[in-house]
Amino acid sequence: MINNNPLIIKFIYSLIVLNVISLIIEYYKGIHDNYSEFFQLFEMFSVSIFTIEYLLRLWTSDLNNKFKGNFIVKRMKFASSTLGLIDLIAILPFYLPFIFPFDLRIIRILRTLRLLRIFKLNRYSKSLKTISGVLKETKDELIMTVFVAFILLVLSSTLMYYIENDVQPENFASIGHAFWWAVATLTTVGYGDVYPLTALGKILSAIIAIVGIGFIALPTGIISSAFIEKLRHDKHKKGKQFIICPNCQIEINKDNR
Amino acid sequence: MINNNPLIIKFIYSLIVLNVISLIIEYYKGIHDNYSEFFQLFEMFSVSIFTIEYLLRLWTSDLNNKFKGNFIVKRMKFASSTLGLIDLIAILPFYLPFIFPFDLRIIRILRTLRLLRIFKLNRYSKSLKTISGVLKETKDELIMTVFVAFILLVLSSTLMYYIENDVQPENFASIGHAFWWAVATLTTVGYGDVYPLTALGKILSAIIAIVGIGFIALPTGIISSAFIEKLRHDKHKKGKQFIICPNCQIEINKDNR
Amino acid sequence: MINNNPLIIKFIYSLIVLNVISLIIEYYKGIHDNYSEFFQLFEMFSVSIFTIEYLLRLWTSDLNNKFKGNFIVKRMKFASSTLGLIDLIAILPFYLPFIFPFDLRIIRILRTLRLLRIFKLNRYSKSLKTISGVLKETKDELIMTVFVAFILLVLSSTLMYYIENDVQPENFASIGHAFWWAVATLTTVGYGDVYPLTALGKILSAIIAIVGIGFIALPTGIISSAFIEKLRHDKHKKGKQFIICPNCQIEINKDNR
Amino acid sequence: MINNNPLIIKFIYSLIVLNVISLIIEYYKGIHDNYSEFFQLFEMFSVSIFTIEYLLRLWTSDLNNKFKGNFIVKRMKFASSTLGLIDLIAILPFYLPFIFPFDLRIIRILRTLRLLRIFKLNRYSKSLKTISGVLKETKDELIMTVFVAFILLVLSSTLMYYIENDVQPENFASIGHAFWWAVATLTTVGYGDVYPLTALGKILSAIIAIVGIGFIALPTGIISSAFIEKLRHDKHKKGKQFIICPNCQIEINKDNR
């Protein structure tokens, strides 16, 4: 079956990744001008492969026990499933350029979504489950952190607006403009398009930047602890809880925690 | 009761968040000019809702067991409580523009403080308790880290001042100016308005930037370990407190720390 | 005794911190010009207090059991101890301006070193011990991380030099110049004075930036795990290892890990 | 034996590090011009030492039990081993400038690779093993994180391209250009060469920057938990393997996972 051959899986995924990469690099001037023919050929090749794959998936979908019903119903179900639709959307625009006269790149970017199929591979779906499980468990604390950060951003940008507005009436034209500075500082991105010029503004900025370290440390600490708890819990479930003393046959709790 | 209906709670919080967002975006040129009427309508709508809510809260505050006394005293107590005052301040200026002739945005920003009411919701107040508990427990270590960082900042900015002052007399006009560079580098914000030009300055800057990674790692490690300890402790309290003595089968309290 | 009165301790430390802050802000133009008299008065006041404190410390040092010998030897020992010398250096230049004709700010910055006395306070010296203990334990792993980062920096800056040298002969004039870019990118500081312009350079830069996240994650993970181990170890030592079954009096290992 | 004398080892490693540093700083204008003779002398000195060391290593390689065979075969094996070849490449170009007429810096940079020999020292090879063991164990989760980040980068740069293209046709000329912005924002590097100007673009940028904090927190959490698990596991192996059955007093292997 097409889903299970590791070589074919690797080939299809590589092709998806290459499609995304080609989309990113082809529009750099020079690259596009010199290799436009290569990109067109690659596009045709990709769509052909994706089409063959789609048809094979459609054909073999009646072997899939996930879909119930007779073989026609099964294929209809595959075609209307999320992944089936994504696969269709990824190839359709190539065949119907006259129906979709607008910019095709938007459609081609949808091929990125095909990457999501990677989560169907057992190995990665387990990792994703671990990660999303941890994020779900820590949701309340993380929302809280973002929330406190938001209040801090609003208050500091309000302060900064009143401090810097006189000196830089353009960069700090409103609290909204100051908010842009506050986000760039608290997340330690620091583009450098907006920064304080007054002594007071620099002191406030320094404080926000140092507090920003804390706002990196907090979610990291929250997520770390959840990962550790998860790991221990998983191990616990796998491991034996009790061992039998081979001499007197009584049960001893191996791990009292 | 108004406090308990989840739909009303969601509506009120959404309205507060929207008020803060409108405050942030409305002053972007273009947005304000094209939609000024919409913003005025939204302002009127918000204040009406907040007023109704305030009056209802005032009226129902005699049902609140937190405030003791007869129904008039109870309402007075609500009106003079922190959250009651914040609610009042958030709506009052709209009705008394002639009393507060100064810039109203400062008052409107106080509506952000209404967001603090979220902490009264049971679910989030627990998260906040966990986070603040962790921060309190690690206070000494965190203060220590900030303290060592401060000494490092002062020493490195002094050094940098003597290294760069000759080449960039404006950017490194004083140790105070160099301090601004030091903060931006150690917190990895890196606005890019001040950076060393000499070889020696760049080497010092590289060292500070690398040490800066350590000053992200330290508080994160401190906070992580406290979260993990908290999690384990909480679990312990929930979990079995007793173990069975394998010899005589009586129950023993496992955890008498 | 002067060392033990919490009020005096707080006053002295506040004065040291204020001295450092005044050093940082006084050279901002405008601040200095308008308040120069205030700064001079504050300087005189600080030095007076520090002098009195130094003399008192010198005088009472014969009560200190740490120093052995008769009262003259004890005072000599205090005067020649590291903290004693720092205290002396912090006040001496004020009285001997004709002996030290060079820039006095260098001496005044040494007052920062007096902040180190905070580590003598029991509470903070414990925190510092925890932190430095953790750093010592993870020294090998941290050195290793810096080492691998260094190799990565050298290799990536060599690559970048050959990629960008043609387009930006000034910014990437040598491998040394490219190294400056590499440090700013790997530590995610990103001043923005040097960045790649070619497509290839941008791809390399993106890879280094993403790897840079890993070089934040690694030391954090190392330090976190050491903190957790420390916390557990400290608790273990405090807690009882064995409990006596109150019925049959046999010892049970409470915590087998 | 040359490998075991700590003083010689320290001297050789210092020399390698100094070679790398000299390579980085010597091309800074001013430094090179004023000290070119010093750099040439240092180069000659380094190559002499490295040559002597190489010959000694070659000579004594028949004492090395790792290589099997008679003493000629052993030396041949050393000469063709990876580290042997690196050592040879590091000195060869100095003697054969007429054979390698191209830029010698590329060869000299290879001396960096000699730093890899540090991993042969027992102490650091253990640290490296710990780190690489942790990275291997968390490989799936880390790949997953990079993968999700990649999808996020593609989607956000596509969005940003459509938002900013009209206002900044040069900076956001293609999805590829927007991708450069997305990487700089998500990794919090923030060079500041490309940033959004529209209100919508700034809001998207703020969201990506905040999400970027999460993409620092995730790998950190993953790596932290793996380090902690490793530490505990290592301790377990060292610690007591047996517990005494409290009933019949025989020893039981506690850990048979």
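Every chain is named by a letter (A, B, C and D) in the order it is written, and numbering of its residues begins at 1.
As a working rule, a residue touches a chain if its C-beta (ideal position, glycine included) is under 8 Å from a C-beta of that chain, and two chains touch if they have at least 3 such contacts.
Each chain and its UniProt protein: A, B, C, D = Ion transporter.
All values derive from a computational prediction rather than experimental measurement.
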Point to revise | Per Cα centroids, the chain farthest from subunit C (Ion transporter) | key: A
Review point. Given the two chain pairs B-C and B-D, which is bridged by the higher number of C-beta pairs in contact?
Key: B-C
Point to revise | Interface sides of subunit A (Ion transporter) and subunit D (Ion transporter): same vs different residues, half threshold | key: different
Practice item. Determine the centre-to-centre distance between subunit B (Ion transporter) and subunit D (Ion transporter), using the mean Cα coordinates as centres, and give it in whole Å. Key: 37
Study note, to complete from the structure: Chain-centre distance (mean CA atoms) for subunit B (Ion transporter) and subunit C (Ion transporter), in whole Å, is 26
Revision key, fill the gap. Contacts with two or more other chains occur in subunit B (Ion transporter) at residues 25, 28, 176, 179, 184, 188-192, 199, 216, 220-222, 224, 228, 243, 245-247, 254
Revision key, fill the gap. So, in the complex, the side of subunit B (Ion transporter) touching subunit A (Ion transporter) is made of residues 20, 23-29, 105-106, 109, 112, 115-116, 118, 123-124, 126-128, 130-131, 134, 142, 146, 149, 176, 179-180, 183-184, 187-193, 215-216, 219-220, 222-224, 226-228, 230-231, 236, 239, 243, 246, 254
Check your understanding: Any idea which subunit C (Ion transporter) residues touch subunit A (Ion transporter) in the complex?
Key -> 25, 28, 30-31, 188, 190-192, 199, 203, 220-221, 224, 228, 254-257
**Study point:** In the complex, subunit D (Ion transporter) residues that touch subunit A (Ion transporter)
**Key:** 140-141, 143-145, 147-148, 150-151, 154-155, 157-158, 173-177, 179, 184-185, 188-192, 195, 199, 202, 205-206, 209-210, 212-214, 216-218, 220-222, 224-226, 228-229, 243, 245-248, 250, 252, 254, 256-257
